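Following this line, the structures themselves.
You will see subunit A twice below: alongside subunit B first, and alongside subunit C after that.
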Partner chain A sequence: MLNYLHAEIYRLFRKKSLFIFSGLALLAYLVTIFIRSGNLNSYSILKDASDLFSLLPPIVGGVLFAAIYTDDLSSKNLSTLVGFGLSKSKIVVAKLILALMTLVLIFGLLPLLMYLIYAGLGWAASGNMMANVYLLSGRFILLVMIFMAFAGVVVYGFQRSTAAIVAYLLLSLGAIGQLLTLILDKILPNASQYLPSNIIGQLHLNLMTGEGAIVWLGMGLLAYVVMSIIVSVMLFNKKEMEF
Partner chain B sequence: MKKAVIVIAILAAAVTLGVIGKQYYDNRYVGKDYYAMVPLDYDVAPEVIYSDKGEELGQGKEYALVVYNNKGEAKSVKWVIRTEDGGLPQRGSFLLVKASEQIVTGWSVIKEDQIPIEALKKIKSNNMPSDT
Partner chain C sequence: MVRVDIVFLVCYIILVMKVELQIYNLTKRYNNFVALDNVSLSVNQGDIYGLIGRNGAGKTTFFKCVMGLAKITGGSVEIAGQKRHLDAARRQIGFMINPSFFPYLSAKQNLEYLARVKGVHAADEVDRLLKMVGLHGVKKPFKAFSLGMKQRLGIAGALLGQPSIVVLDEPINGLDPEGIADMRRVIKDTNQQHGTTFIISSHILSELDLVATRFGFLEAGVLIKDITHRDLHEHTKKSLLIEVNDPAKAKRLLKTKLNIAATNSNNQLFVKSHLDEPDKVAKILVDGGVKLYKLQHQETTLEGYFMQLIGGHHA
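Now for the complex of A and B:
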């Protein structure tokens, strides 16, 4: 599995389209900050981070999901990997680890970039403010990872790139979450608090305030990830590979 | 060569958009501090407020005041305050008004001693009751 992970990291970091997209997204962000620079203050970075990070799951996350998960489908690489003897469960787990690594890289570097930009404009954020920004980025790392884990089930179950990407976008835009909340609130009051996005929201709040359960919420999230891996592997094992 | 042209075109478009966008944004949304007093004879009674399309927006008041910056330079501003946004500033209240070139971006009631001297001089001289 480590060799496969290494190969995937190599592939991802040599994917030109990903770098072009990231460059354009960064340029768009810099232009936006420049336009708004007249109205910034020392607290702007947190609001800015909140606005920016909310946009990233569908936009950047979508491109990343396609690069990590559906590229293999398009190039029929999954069957090659299975043919070489790599177990399906290792493929599923390796993909999730790769997703987590790239998300940590993106959401780890972004706050730093924002700090440098704001400091350059004369609004250097305090340590406390940056801690809050990093807590927020942690929230979005978990959120996007969960979305990718769930959409990954569609990748392995249907092995159709379009369906998988649509599933990811519906998750990341909150459409599925809102629908589930509506349905659950009608049939099982208070059940919607156990949805992953609400668990992550509560975890974020508890970490910010230093109060409330953290371990249990973390375990709840882990349960969702483990469940998605199990379902993915089960569906992957059942589905006939296309050659 | 073609790639370099594309990159340069994208950068040029970004710079152009940035400059034009910043000009527009600063003119509309970046407010500077101005100071005013609601005149003692100003009508502050709430009335029905309508949108540009004629839709009723509730109760409020349009304030049209002459405001002064910290150098005492005057500017006429007009903005609507809705009663549900908080109380309407009353006659004699001193205001800090944040105004851009185009709109008022914010306001608050402040104390007289928070107003810069030059602005306060102008406010008082223009709000002295006329001798009858």
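Now for the complex of A and C:
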């Protein structure tokens, strides 16, 4: 599995379109900073991070999801990996680890970048403010991670790139979450609080206030990830590999 | 004495001829459609096994079952003596079933990706293979490759890490004549230098005839013949076709005058000796009072043999 992860990191770092996209996204952000610079101050970094991060799951997450997951389908790489003797469960788990590593890298660097831009403009954020920005970035890491794990089920179960990307976008835009909330509120009142996005929201709040359950909420999220891995592997085992 | 020879031969086979791939009653069904029906075969170390069959005969399904890409319905697969831990055993296999690579990576980058997956650490292995298949120095991405270049890269990918078994599905599809000759050389050299076992399917049978040491003929999911190259050519070697008015008399004349054992079908005789002396054969027959209607050289090609086989199977 380590060899596979090593290979995947090698591949992602050689996907030029990923860097072009990142460069354009960064440029767009810098332009918005320039336009809004008159309204910024040392406290606006948190609001700015919240606005920016909420855009990332469908936009940056979508591009990442395609690069990490669906490239394997379009290039038939899954068949190569399975034919080589890599177990399907290892492939599923390795992809999630790769997704987590990439998300930690992006959401780890973004607050730092924002801090440097703000400091450059003369509004250096305090340590406490940056801790809140990082908590917020952690929330989005978990959100995107859960969306990818769920959409991964479509990748392995159907082995269709378009279906998988649509599933990811519906999840990241909140369409599926809102639909489930509507349905659950009618059938099982209070059950919607156990939806992953609500658990993550609660976890973020508890971490900010230092009150309430943290471990149990973390376990709840972990259960969702484990469940998605199990379903992915089951469907992957059932689905015939295509050439 | 004969028994001693047989015992020696059996011992030789057991000790020296290691079986790389053993297939037991392999069956694959898709609902009611039987793609593979009780296929049993063994491929020995160092064999170049040519799998022959029409489109839809089950060749790719066979490869998919061997590589674990399709669940088998019945029977079993044994790779390098391993029947249980097939995932681990499959790491000794390099394969190409439709060359599939990342479209935005170059030939070298795609092979370096695969080298990392396979845990191949030799730094010069990728360059060696790219030179071998004639893609060294090609910078453009895979998506800009011609079909022939894709095939070459697919073969390089299959050979990466010097696997003991290499499975190639239609490896010379899309190659120009020079490319076909190059691939033949690559397969033969790898087989001779490293003892690599090859299992190759192709519908260009004349080409397969030039490299394969054994052949398996698949038709409608059934392995209808498993034969060595030598035995195959015993069946397909040249003969003289003789058409006469009295085949029985002609057969007697050939036996008594030239000691030829001819076989006959209707009023045609087939002679597998005296191929360079058709005049001598004609004289014996005409002098013996047989009316000679036709005398011509005949050779069954691999294609011809295959057509005979599948014709027989359908009958």
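Quick note on the criterion: the second predicted complex is superposed on the first by the 243 of 243 C-alpha atoms of A that agree within 3 Å, B and C clash if a C-alpha of one lies under 4 Å from a C-alpha of the other, contacts with A are read in each partner's own complex, and residues count from 1 in each chain.
The rule is short, and it goes like this: a residue touches a chain if its C-beta (ideal position, glycine included) is under 8 Å from a C-beta of that chain, and two chains touch if they have at least 3 such contacts.
Note that the coordinates shown come from a computational prediction; the quantities given were computed from them, not determined experimentally.
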| item | value |
| --- | --- |
| Touching partner for A:Ile187 - first (subunit B), second (subunit C), both, neither | neither |
| Touched partner set for A:Asp71, first subunit B, second subunit C, both or neither | second |
| Chain touching more of subunit A, residue-wise (subunit B, subunit C) | C |
| Touching partner for A:Ser79 - first (subunit B), second (subunit C), both, neither | second |
| First (subunit B), second (subunit C), both or neither touched by A:Ser87 | second |
| Contact footprint of subunit A on subunit C as seen in their complex | 60, 64, 67-71, 86-91, 93, 95, 97-98, 100-105, 109, 112-114, 116-119, 157 |
| Touching residues (chain side subunit A, partner subunit C) in the complex | 3-4, 6-7, 10-11, 14-17, 71, 74-77, 79-87, 240-241, 243 |
| Residue numbers on subunit B that touch subunit A, as the complex places them | 10-11, 14, 17-18, 21-22, 25-26, 29-30 |
| Complex contact set, residues of subunit A against subunit B | 24, 27-28, 30-31, 34-39 |
